[in-house]
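Just below sit the structures, each encoded as structure tokens.
You will see subunit A twice below: alongside subunit B first, and alongside subunit C after that.
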Partner chain A sequence: MSEIPADLSYTREHEWVRTEADGSVVVGISDHAQAQLGELVYVELPEVGRVVEAGAALAVVESTKAASDVYAPVSGSVVAVNEALNAGPELVNGSPYGDGWLVRLKPSAPATGLLDAAAYTQLVADESH
Partner chain B sequence: MREPLIFEQSRAGRGALLQAPTPVPPSPDLPASLLRSDVPPLPEVSELQVVRHFTRLSQQNFSIDTHFYPLGSCTMKYNPRACNRLAMLPGFLARHPLEPEAHAQGVLECLFELQEWLKAVTGMAGVSLTPMAGAQGEFAGVAMIDAYHRARGDHARRQIIVPDAAHGTNPATATMCGLDVVEIPTNAEGDVDLDALRAAVGPATAGIMLTNPSTLGVFERRITEIAAIVHEAGGLLYYDGANMNAILGQVLPGAMGFDVVHINLHKTFSTPHGGGGPGAGIVAVNQRLEPFLPVPMVGQRDGRYAWLTERERPQSIGRLSAFMGNTGILLRAWVYMRLLGAEGMRRVSAYAVLNANYLLARLRDAGFTVAYPGRRASHEFIISLKDVARDTGVTAMDFAKALLDRGVHAPTTYFPLLVPECLLIEPTETEAQDDLDRFVEALVEIRALARRDAAEVKRAPRTTPVGRLDDVRAAKQLDVTWQSRRAPAA
Partner chain C sequence: MAERTPLHPEHVAAGARMVVFGGWDMPVYYASALNEHHAVRRGWGIFDVSHMTVVDISGEGARDYLRRLLANDVARLREPGHGLYSCMLNEAGGVVDDLITYWSGGDRYRVIVNAATRDKDLAWMRAAAAGAPVSITHRAGVVMIAVQGPAARSGVAALLPPAVGERALALRPFHSLEADGTFIARTGYTGEDGFEIVTAAAAGIDLWRRLVAAGATPCGLGARDTLRLEAGLNLYGQDMDETTSPLVSGLGWTVALDPADRGFIGRPALEHERAAPRRQAFTGVLLEDRGVMRHGMRVVTSAGDGLITSGGFAPTLDRSIGLARVPHGAGPEASVEIRGTLKAARLVRPPFVRHGRNLLADAAATAATPPAKPTPESHQP
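This part shows the complex of A and B:
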């Protein structure tokens, strides 16, 4: 069973979202998502300063199985990306909620339609049956 | 046993008369700074060492000549020997692309006939043979759609609609042509979601790119409705011919409502797709797009065959290569169509679809999960090993590796992305029932082993020249060159 921390929000596309004290949000992919993909070989990150709409492609995570888009869970601008992933994409596999974070966004509008941990747990359970 | 590289077999001073270099005087046209002073580190081996090395390498091939290859026309269907032999006749091979038309009437006649036959199998009004690969064919198709709208002064049409079950290259092609991609979903039955399509079309719609049958291995049943929706909105329909093997001679893309078709001759028409090229991604269009076809094409002038260029076809999107496409591949297709005839081509698709449905039925009866159980297969179908993976930890990739030990090349794994832990299976028209049965038995045996001893499946393959490759390391540390450890000769 994959790890789904109770204090994070999630999307139906398997991103996780954490709102920081300064109002910025950190985005990554869930433990379930990294397990489905297998070991990552490449992560394509956006440029800092890029403005994205909620639901638009934000980053790409690539394993030997597949390359998958990571979607922006909120509209906003990119304020930081996890540069460590350029040399070590496998950080996402080892620590999806910690050192394997992807992008920090400054939201331009409040997030809508996110799932809490319980709802996301249910989504993952539904998908594996 | 690992076969050493030919470089590793090298011993200084060894050689064969056949390989002895002929002394060549230095060319006076080359400046001294560009001439090499040291000898290149080529392998120094005997003639028989060379013969044995390359014979042993060829024996390690897992090939269509020796094994069942359920990757199908997508990669490697059986291509009759005759097509290759006839396309290699000296009269074809010794041609020069700039020879005068008067000396090339024979080959021009072949290419003209090929254009006519391809019109017949696509239901279209015009064909250009010049695209040299599928990517060029796709590019030409979308570039013609774009040129059509521009010629009408309709500059707002900048969007290409791509269903998520379309061929993976389609969004890349639209982007390459400077258009925006709008993705629409597939419903649970594997058909395009018509409500999503209706919502997506409008005055910005340049067209839609569809593969039919789709990458899900099912025929798009409401294709005429899709065509009507797109045409009413002012867009055009592009047919990706990736799955032509399923419909050859049975149904025409033109009759489905498509405006432009690209076909990879190197999938269905007797050139291996997985060979690394060269290829031929011909395009066929209806009247509407006919003026925009890429040049050169073959036409008739004063009772003789002639190249049609920008002069005769001023609205053409232009040239995709220096000459006329990959003639060798076009000739193989000409021979293939000539050998089979219209009836034979219908049998190709009939048997391709029959074999796929036979395998589908047998695997379903054996308890495998079929991705679209309510649907008949086209020339290929998908099974999902999600349940086995969940219960035993043995994945689709493990099945693929274990198949190698049972004398079967792995089918496509993990594609399409919409289906988890999937195998995309395409047996093609040329497999005997016995071989199809052996494939089913192999999958059943691997599943039984997975339940009994999952670790044993994960040790596969054991019988191949190399075992399980580290594909993560291969992706991260790609290094395909061999560096001589020998110091260059002074």
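This part shows the complex of A and C:
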């Protein structure tokens, strides 16, 4: 059973979103997503300053077998990326909600369509059937 | 419904992540594909390869039949037990499959072909045998286990009856023995030493359990793919198929054109191809930038564009490597297009890793001497 912290928001594509006190949002992939992908061997992060639309490709996570897109859960600009993933992509597997965070965005519009933990738990349960 | 090997319950009980590959429900990894990879480079690992297709060929016409069916020449098999890697070609010189043929003695041979190509191969082999005095028997339901790594041979020998274990340890590369219904060959698909063992289902399940108990690491298809890629070994369906000849797939060394009077299927097409100017070459690729190369990506060279046929992450090298078909004369500088961005790469001669050694580092240390081509001993479908 994967871990789904109650204080985060989620997308249908298995990203998690945490809104910080300064209004920026931190984005990662869920524990369920990392388990499905298997061990990551490479994470492609965007340039700081890049402007993205909600739903557009934001980063790429690659396991030994395949590459998967990570989508921007909200429109905005990239204010920071997790440089530690360049040397340690496996941080995403070991700590998807902590040291394995991917990108910090400064939103240009409020997020829409995010799921709370209960709704995301249901989504994961539905997908495993 | 995907097919299951006799070892399927063992994988499920061990908690393996299962995927359907070539119509078979197989383990892709148990706990960690990377750890499984390293276990084979440093110790020993076991792979369920029972999905592969074992075909026994016998009869007074068997030798002549195989000399016509295969691009390599079974006349090179000098003693019973000896094996030979070969391509089986169509009339156009394209690769129907790659396989190993062992001479079992007398007029008996054992051929091991791939899993996903089973039905096509059997139909092709039977059609090619029409009218010839040979019998072709598919050994379905057997267990085939690959035991690979520097500790593999001694580990297996310790589990065998002492007399058989002694014979197994004495096997030279690409030689095999048969004892009490168990077939043991010193072959593999990882670039490491080891055995491939074919036995009946019940004996195979027992052997698998004893190998696990003895400390061998169960490995899935994920590690199998990264290991074979580091070893520079081709994968059928990716690196070559019915539209590509062995001459542009890095497999020219497996085609026996001598003696000149041996007619084999595809020979006229290969001779025609050889007489024409070379247009393509098959090469290894080392990504110098960060990222992971994958099958189908474009390779940009000074001689024109090529394609990555196999690409991935090399755990031993901690970077991405690949195999590619490129225009003749390309390299060594190149770039690979990954999601719209050109990344710096270098065309190199495979293999990348053999017997636990990073051959690229070795080559750099000895003034850029290119590593050796894979030998027949290292090659197996």
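One rule holds for everything that comes next: the second predicted complex is superposed on the first by the 129 of 129 C-alpha atoms of A that agree within 3 Å, B and C clash if a C-alpha of one lies under 4 Å from a C-alpha of the other, contacts with A are read in each partner's own complex, and residues count from 1 in each chain.
In this section, a residue touches a chain if its C-beta (ideal position, glycine included) is under 8 Å from a C-beta of that chain, and two chains touch if they have at least 3 such contacts.
Here the structure is a predicted model, which is why all the values come from computation and not from measurement.
Residue contacts after overlaying the shared chain place A:R12 against neither subunit B nor subunit C.
When the shared chain is aligned, subunit B and subunit C each come close enough to touch A:T64. Contacts of A:N86 after superposition: subunit C is touched, whereas subunit B is not reached.
Of the two partner chains, subunit C is the only one touched by A:E44; subunit B is not.
Residue overlap on subunit A between the subunit B contacts of one complex and the subunit C contacts of the other covers 38-39, 41-42, 64-65.
Listing the residues of subunit A that touch subunit B in their complex gives 36, 38-39, 41-42, 63-66, 68, 89, 128. On the side of subunit B, the complex with subunit A involves touching residues 386, 390, 397, 413-414, 417, 420, 471-472, 475-476.
Chain contact summary for the complex, subunit A toward subunit C: residues 38-39, 41-42, 44, 60, 62, 64-65, 67, 86.
The part of subunit C that touches subunit A in the complex is made up of residues 17, 28-29, 32-34, 222, 225-226, 290-292, 294, 312-313, 315, 320, 339.
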